[in-house]
Amino acid sequence: MVEAVDGKDTMDRLGDRAAIEDQMFRYARATDWLETDNHRLVFVDDCVFSSPHSGDMRGIDTVVDWMNRVLAPFEATQHHISNIAITFTGEHSAEAVSYVRAWHRFLDHSVPDMILWGEYHDHWIRRDGTWRIAERHVLEAGIEPRRDGGAPNPRRAKQ
Amino acid sequence: MVEAVDGKDTMDRLGDRAAIEDQMFRYARATDWLETDNHRLVFVDDCVFSSPHSGDMRGIDTVVDWMNRVLAPFEATQHHISNIAITFTGEHSAEAVSYVRAWHRFLDHSVPDMILWGEYHDHWIRRDGTWRIAERHVLEAGIEPRRDGGAPNPRRAKQ
Amino acid sequence: MVEAVDGKDTMDRLGDRAAIEDQMFRYARATDWLETDNHRLVFVDDCVFSSPHSGDMRGIDTVVDWMNRVLAPFEATQHHISNIAITFTGEHSAEAVSYVRAWHRFLDHSVPDMILWGEYHDHWIRRDGTWRIAERHVLEAGIEPRRDGGAPNPRRAKQ
């Protein structure tokens, strides 16, 4: 679960880690700044994206269309990414788990801010020299204001 | 307070930093996913753990027992770790200060979410090739909903 | 927008990234621990600092004076920095965008906690071997409790 960090290839892997982290933040900015076409620089064309709210989607066009649709009601969003844990599974592939606190403020001021506490479970691949998301699965630890539903995270699945 | 990052050993230290960060996130996941036995991979056996809620504890068995007890009332938790500042004090030792925003949702839906804004002040050592927490002291900047008590952080100690 | 991370100078740049991140966290601690003189170690003397609340300021003395004044009403603050994206523009210069969730608790218990969701848009330079902030511009995605005003972030500027 925790990558061994030692030996000769550590240095390359540190660069790879930085490159993957940069792409994670690019994802957040593409969402928060409503520059959704930039998701094309983060995902592979034939990506998979699943979340409790989107269901399973395939292909970057579908993802961008969905982003444009679901982001429209918001005045602002902010996706804070933290706890990025990367495990390399091959020269050009990695698994990553990260936490996100996604804050959403509605254009309609009568609706309270919505906050998603989630996890990203990703499969990353390096294609044409660039690390990209091949699969992203969003787990939901909880939503504020509290409501039922969502895909249980491992903690909740135990109960 | 801020580590000088230059010279020959910088590269090794970057690997050490990544290894310590990985362990910090493993701590969060062991807590949030209720896989508390994984704390045995993060702490040394003869660790010290202190917090405003636990008092001073010694030994990994005591820590895991305490985790199991205090985490039971929650439906979900999420520990966002940020602002990780590491200062190496020797080849196999480091001090680290980090911020945590620990969100807690109760199984009892009538109780509001509890959020701890805290700091981890850690002593890390490398033992048998793995970086582990020898001492973790949790400071509390504040708790939501607001309540009295807690160990003051340096800011509050000045007032 | 996303730095290419490859080739010979990657290793130096990884060290530079770590050094800049350390300084970002030092900024947060100087603020949160009310050790505002430590901002002198983070900014260059002739720095620029602008935010919706401060307007444009120039010079580290002005910044420290302002910090002392605006931080006085709080019992505690915590500045969580995340999504740090650094783009090097020269051997000794870089642009950085980061997210901040700045939590403020008032000494006056009748006032609710105030939270700023913001972005730091920085110009960094290396001077005398140390990376420092030459310019910091704070953008505001939103404030809780909700109120009008603030400098719109790129998302809001599109609407």
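Chains: A, B and C, in written order; residue numbering restarts at 1 for each.
Here is the rule we go by: a contact is a pair of C-beta atoms (placed from the backbone, for glycine too) under 8 Å apart; a residue touches a chain by one contact, two chains touch by 3 or more.
Quick caveat: nothing in here was measured; it's all calculated off a predicted structure.
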Graph class of chain-chain contacts, one of line, ring, star, complete, other: complete
Copies chain C and chain B - interface residue numbers shared by over half, same or different: different
Length of the line joining the C-alpha centres of chain B and chain C, rounded to whole Å: 24
Sites on chain B at which at least two other chains make contact: 11, 14, 80, 82, 101
Footprint of chain C on chain A - complex, ascending: 11, 14-16, 18-19, 22-26, 28-29, 32-35, 38, 41, 75-82, 101, 103, 105, 107, 109, 113, 129
Chain A residues touching chain B - in the complex, by the definition given at the top: 1-3, 5-6, 10-11, 14, 17, 80, 82-85, 97, 99, 101, 117, 141-142, 144, 146, 153-156, 158-159
